[in-house]
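In what follows, a single structure is set out as structure tokens and then discussed.
By letter and in written order, the chains are A, B, C and D; residue numbering begins at 1 in each of them.
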């Protein structure tokens, strides 16, 4: 079973916190808050997103690349998926 | 007038697109989509967030640091706010 | 055999290009070049570093996590090493 | 006088430390050190580079955008240069 299903409620809670932070930017714009407040809210979303990404990558490695029950083809596919994401991050 | 007020509708549209992308992660988790789909949705949110951040920083520079009508103290404050955000990004 | 040994000459060439780019910043400072030139040279080093990092991570995944001849403990160690690096990148 | 000239020796020291860290990667490859050591050395170069970049950006803002003696055209040029670098970072 994929880790995103195993850890579904934990990940959903994390994504909903992230959504709440994006909504905080929306509300700051609607309330015409000072621009530096909007900038700082945006920087905090980036931090939360990085945390979510690190967790997803780590779970992906353990569940889809390292898990003992995987066969070679499954391991290879899990590795290719991770490499694509790493490239998009480091391009 | 702050650029986040001048450009309010444009910025709101951008933030709501970003919120939609975060909701897409939420929906992918709820629908138990494959993990690499969740990873790629997360990477696309990062791209959208970077775009929003670049736009906010650019507008901040033009409106709160460079604008001719600003006095020295206002320019200094605008610069300090930007430097704080840059440091949080590059730490 | 580790990929950093298998790909030694290719990686050395890449690292030496990176060193050359850092030396270009050094020379620009010594020659008192305009500051935006120094800033742009610095940004180009970041791009080269990201490329090197992506290559090292990809090779690490293939050589120390996915390779068929690895046993479970070796796979686990390779995964832990990668997760540490990913966390340092995404913190 | 540009900040890269005013702070020349401080910046040179910082760039030479960065060069030393890149040389440490080179030496690790030459000495066929374990791959995770090479990966961690690469991550530390990124941290040092981020620090250098943040310092250059901060000095650029103070010296080429905010400084009271600048005229509007100089401020505008300084801002455009910074925006180009920010875009390259956040693309």
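What to note about this one:
Here, a contact is a pair of C-beta atoms (placed from the backbone, for glycine too) under 8 Å apart; a residue touches a chain by one contact, two chains touch by 3 or more.
Protein identities per chain, from UniProt: A, B, C, D = Metal/formaldehyde-sensitive transcriptional repressor.
All figures in this text were calculated on a predicted structure; none of them were measured in a lab.
The chains in contact with subunit A and with subunit B alike: there are none.
If you average the CA atoms of subunit A and of subunit C, the two centres end up 23 Å from each other. Per-chain CA centroids place subunit C at a distance of 17 Å from subunit D. Centre-to-centre, using mean CA coordinates, subunit A is 28 Å away from subunit D. Multi-chain contact residues, meaning those touching two or more other chains, occur in subunit D at positions 53, 57, 82, 89. Viewed as a network of touching protein chains, the structure reduces to one closed ring of chains, two contacts apiece. Every pair of chains in contact is given here: A-B, A-C, B-D, C-D. Interface residues of subunit B, counted against subunit A in their complex, comprise 2-5, 8, 11-12, 15-16, 18-19, 22-23, 25-26, 28-30, 32-36, 38-40, 42-43, 45-47, 49, 52-53, 56-57, 59-60, 63-64, 81-82, 84-85, 88-89.
Note for the complex: subunit D touches subunit B at residues 50-51, 53-54, 57-58, 61-62, 65-66, 68, 72, 75-76, 79, 82-83, 86-87, 89-91.
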